[in-house]
Each structure stands twice: as C-alpha cells, then as structure tokens.
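The two complexes that follow have subunit A in common; it is paired with subunit B in the first and with subunit C in the second.
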Partner chain A sequence: MGKNYWITDKPIQVNDCIAKVIRPKAGAIDTFIGTVREFTKGKRTLYLEYQAYAEMAEKKLAQIGDEINEKWQDTETAIVHRIGRLEISDIAVVIAVSTPHRNDAFEASRYAIERIKEIVPIWKKEHWEDGTKWIGDQKEKTSYQEKLPTEEEMSDD
Partner chain B sequence: MIDVLFFAELQETVGNEKVSMEADGMTVKALKEKLSAAYDLSLDHAMIAINQEYAAEDAMITNGDVVAFIPPVSGG
Partner chain C sequence: MGKNYWITDKPIQVNDCIAKVIRPKAGAIDTFIGTVREFTKGKRTLYLEYQAYAEMAEKKLAQIGDEINEKWQDTETAIVHRIGRLEISDIAVVIAVSTPHRNDAFEASRYAIERIKEIVPIWKKEHWEDGTKWIGDQKEKTSYQEKLPTEEEMSDD
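After this line comes the complex of A and B, so read on.
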C-alpha cells in the first residue's frame, strides 16, 4: 500500500516503514532510526524544525533506493522523513532495507543515511536557548559568535 | 514566467517561499546573479534544481519551469 519513499508532518510509526520491505525473499531487514539529540558537544537543543522540498525530496529518496539496488543485489528499501517541529527523541527519519542476507542490509542502510545528507532537499533548523540556525549553510559556518557552536560542533554524524 | 522556490535560510532572507518572474532563456548562472543582486543573497553554496532535478550552472531556463534554490542540505 502506498509509496516506499515519503515525507510526513506526522509522527513516524517505525513499523509502517518496515512493513514496506517485508517479503519472502528477504532474510534480513536492517532499520536505521534517526532521532533528535538533545546535546551536541555540550550545547543543548530545545527542539528542531525540519523543512523539505517535499516532491523533490521523495524523488531523491527513491533515487537512493535505486542506487542501493544497483550496488547490492535484490534489495527492497523504504525511507520516511518527518518535517515540522520535532522534540527531543522524536524520530526524524526511518530507513528500512531488506535483503536476502544480513551483510547487505547493514551496508545499504548506512549508505542510505549518508546519501540523504548529500542529495535530499531537507533542512533542519536548530533551536537553542540562545538562538536559532538553519544547519548546513556552509558559508555561515565561519561567522559564528563565541556563544554559538563551532563548525565541528555543527557537524552532524 | 517561471516560479522560483527558496528554502531554509534563503527563504527567510527573501521573505517568500515562491517568487514568479520572467527568466525565459536565462542560464542558471545568470538567474543566480540576478537574484543575488535583487535580494542581497549569497547563492554561492546553493545548488539549483529545475523541475525537481539538479541542474548545472550553464543549464537553460525556459518558460513554465520551476526553479528551486537548494542550500546545503541537512536532513537525517
């Protein structure tokens, strides 16, 4: 039912994503869940705000699924990303990949989250106690005042 | 006319998520320069998508296109 790659403004149900990739040929489903972290290098996040170019983001998520299918054999991938205001520990993204054998599923889900951070038009805005900032805007990374995070602190791994 | 979409920090700077304008026959590079000047934007790090596909600097824009400025992404 429905598509395998989608953007939602509602809380994510992990099982909705997993259900998309369950199939008899699979012997493994690897699930990655990205959640909102409270502290990044000692700096407290109050909440995050995500924005997406939703139609294009869904296309790019599907492209990642196609890339996975080229790199590993016989995969089925589903990815959902949430937008809007997210509180600490809320789920921002879920990736599920099913494959016949476990190693491919582990590798492919790792690949998917790295590619999301490269090509999918989704942005997050940090809301701290002392300010806000859209993350990923590299040109601004050199201009932080002392109270704001350093470039290293902003990197999101 | 084309529609130009802005996101994240660019959207806040422009004050609009969408702007309609004449740009038939312009390259991506020329449109970037025009909008940089008009809105005092720094678009050096922004990628461009034409009709939801990433486009190169020398790509040509035609009437009816939807052009989006994509600042460095930070999903996940």
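After this line comes the complex of A and C, so read on.
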C-alpha cells in the first residue's frame, strides 16, 4: 500500500489517492483536486514551479491527517502534492478523505486544503508572460522576492 | 467526450468523470464519491441494488448541473450514477465540479449530492442478512415496501 502522505515530482494519478481511503466502513469520499489555473486576476500564468522540503512536508501532511482524525469520527485521509514544473491544468494536489457519512467528508477535505496552505513547506513560483515570483506562504500573504526561507526557519512554526 | 451526466450499469471509473471538468480556467475540482457502506446503524448490508428511470435520471442530473451554473460562477459539472447490483465499497455515484476557486467547488459538489437525493429517480434496495427493503426517496423519508412509484408518478414533481 505505501504511505498515505507523499510528495512526488511525477504526474499525480487521482486513483492512487482514492484507493488508499476506500473501505467498507466508509460511505463517502470527498476528493479535492487542485489544478494549475491559467488566469489569476486577469494575469496569464504560463506554468508553475513547486518546491518543497519534501520530508518535512510529508510529516506535516500526516499531521493534518491526525488532526482530521481528532476532529471527525472514523476518517481515513490520503494527500499527495506534486513538485517541480507544472503546466496549465496539471494536478498539483489531491486530498481524499473517507468517512461513514458525507458531511464529515466534505468538511474534513476542506479543512485539509486550508491547513496545507497554512503549515506545509511547499512554495510555488509563478511564471507569467512578463516575469516570475515566488508565492510565499501558501495563503499568499507573504512573498519571497529573493529566496525561500530556510528549512530551519520553517521548523520554528 | 460524450455527455457529462450519465447512468451506467458498469463499474465507475472516477477519472472518466474528472476528465470532463478539468480545464484551464479551473483551479479546483471537488469530487464527491459515494460508496456502498457495510454497516448502517449496526445493521450489516450484504449488497445493494440500484434501479433508475435512466433517461429521466440523466435529465435530472443535467438539471442539477444547470442549477449549479446559476448559483456559482463559471462551473463545469459531471455526474455519473451506477445502477444494478453493487457490492460493499463499490462506487455508486461520482460528482465532479470544477471552478476557478475552491470554495465554490466544495459548495457546488455538496449541493449536487443533496439534490440528487431529492429529485433524481434512482432507488436502492438494501439486502441485509435478514431481509430486504427498497429505500424510497433518496432522502430516506419514504420507503416502498411493495413497489416503486411509476415513471408517471415521478414526473409530477
């Protein structure tokens, strides 16, 4: 089976993530898929580059799975995030959460994507027609024009 | 490409549904998957049987897609529902909704599953260890012990 939380530099197969959470006790699986969007506020993206501290990122993804288990009953979660260069419409992230009943699946999946953007050390570099920029924390409140934070700086939070 | 709303008696491939909604303008796809759960309130299900007025059901699914388009901006929806005999963990329904931003995808997908249970003429027959029952409307507020409503009766609502 392998692990439920992983970073990859290969194209993501959504089914790999879903297969990890299908089980007899579940009646609902919510799967959130983030894809590379061409236009943001009228500005055209040519492609994106994602970079991560992979080992730390996988630990943080697993932490999110643990948090979900504490907040909702009887969940199974799997999350995969891709890094490297991604073209328009490529899948950047897949979250799958299975639960006995559907309300929990929707809520937990939504929680997961917000938490990924808050705590997982993954950054994206936007490549536009007229330049590039590292988008800082995934909530996009900070931008790193020059360089990414070090792994040590990330460990502090 | 084929249609975005369909009833099938074959195993559902989740990717077939997702492929219909991936597009450059979308940054988020929420995919809801309903699977056959083994236990409901302590009672063990052996398998399910789904039956539908397929042509009417497909029209109603398309109507739900139209409703989503009216309620949220710039959506693309695909829905497939399986009929016939389904074993534990089999996929009964997949809904995929793509939108530019993720909040809309979550909300629209959730809306779709509630509406399916309200308006689409699909019924399930529970096969337990000690008997069977047709679960009536999909909200499970009515049960049909004897027979399903006729297609004409369904058309009235």
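In this section, the second predicted complex is superposed on the first by the 136 of 157 C-alpha atoms of A that agree within 3 Å, B and C clash if a C-alpha of one lies under 4 Å from a C-alpha of the other, contacts with A are read in each partner's own complex, and residues count from 1 in each chain.
Here is the rule we go by: a contact is a pair of C-beta atoms (placed from the backbone, for glycine too) under 8 Å apart; a residue touches a chain by one contact, two chains touch by 3 or more.
The shown structure was predicted, so the numbers you read here are calculated from the model rather than taken from an experiment.
In the superposition on chain A, A:F106 makes contact with subunit C only, not with subunit B. By the document's definition of touching, of the two partners only subunit B reaches A:W123; subunit C does not.
By the touch criterion defined above, A:K3 lies against neither subunit B nor subunit C after alignment on the C-alpha atoms of chain A.
When the shared chain is aligned, no partner comes close enough to touch A:K71: not subunit B, not subunit C.
In the superposed model, A:R85 makes contact with neither subunit B nor subunit C. Contact with subunit B, but none with subunit C, is seen for A:I135 once the two complexes are overlaid on the shared chain. In the superposition on chain A, A:T31 makes contact with subunit C only, not with subunit B.
With both structures placed on the common chain, the touch criterion links A:A52 to subunit B but leaves subunit C unconnected. In the superposition on chain A, the residues of subunit A touched by subunit B in one structure and by subunit C in the other are 34, 113.
Of all residues in subunit A, those touching subunit B in their complex are 34, 50-53, 55-57, 59, 81, 92-93, 113, 116-125, 134-140, 156. Subunit B contributes residues 5, 7-9, 11-12, 42, 44-45, 49, 52, 54, 68, 70-76 to its touches with subunit A in the complex.
If you check the complex, the residues on subunit C that touch subunit A are 14-15, 18, 22-39, 88-89, 98, 100, 102, 105-106, 109-110, 113.
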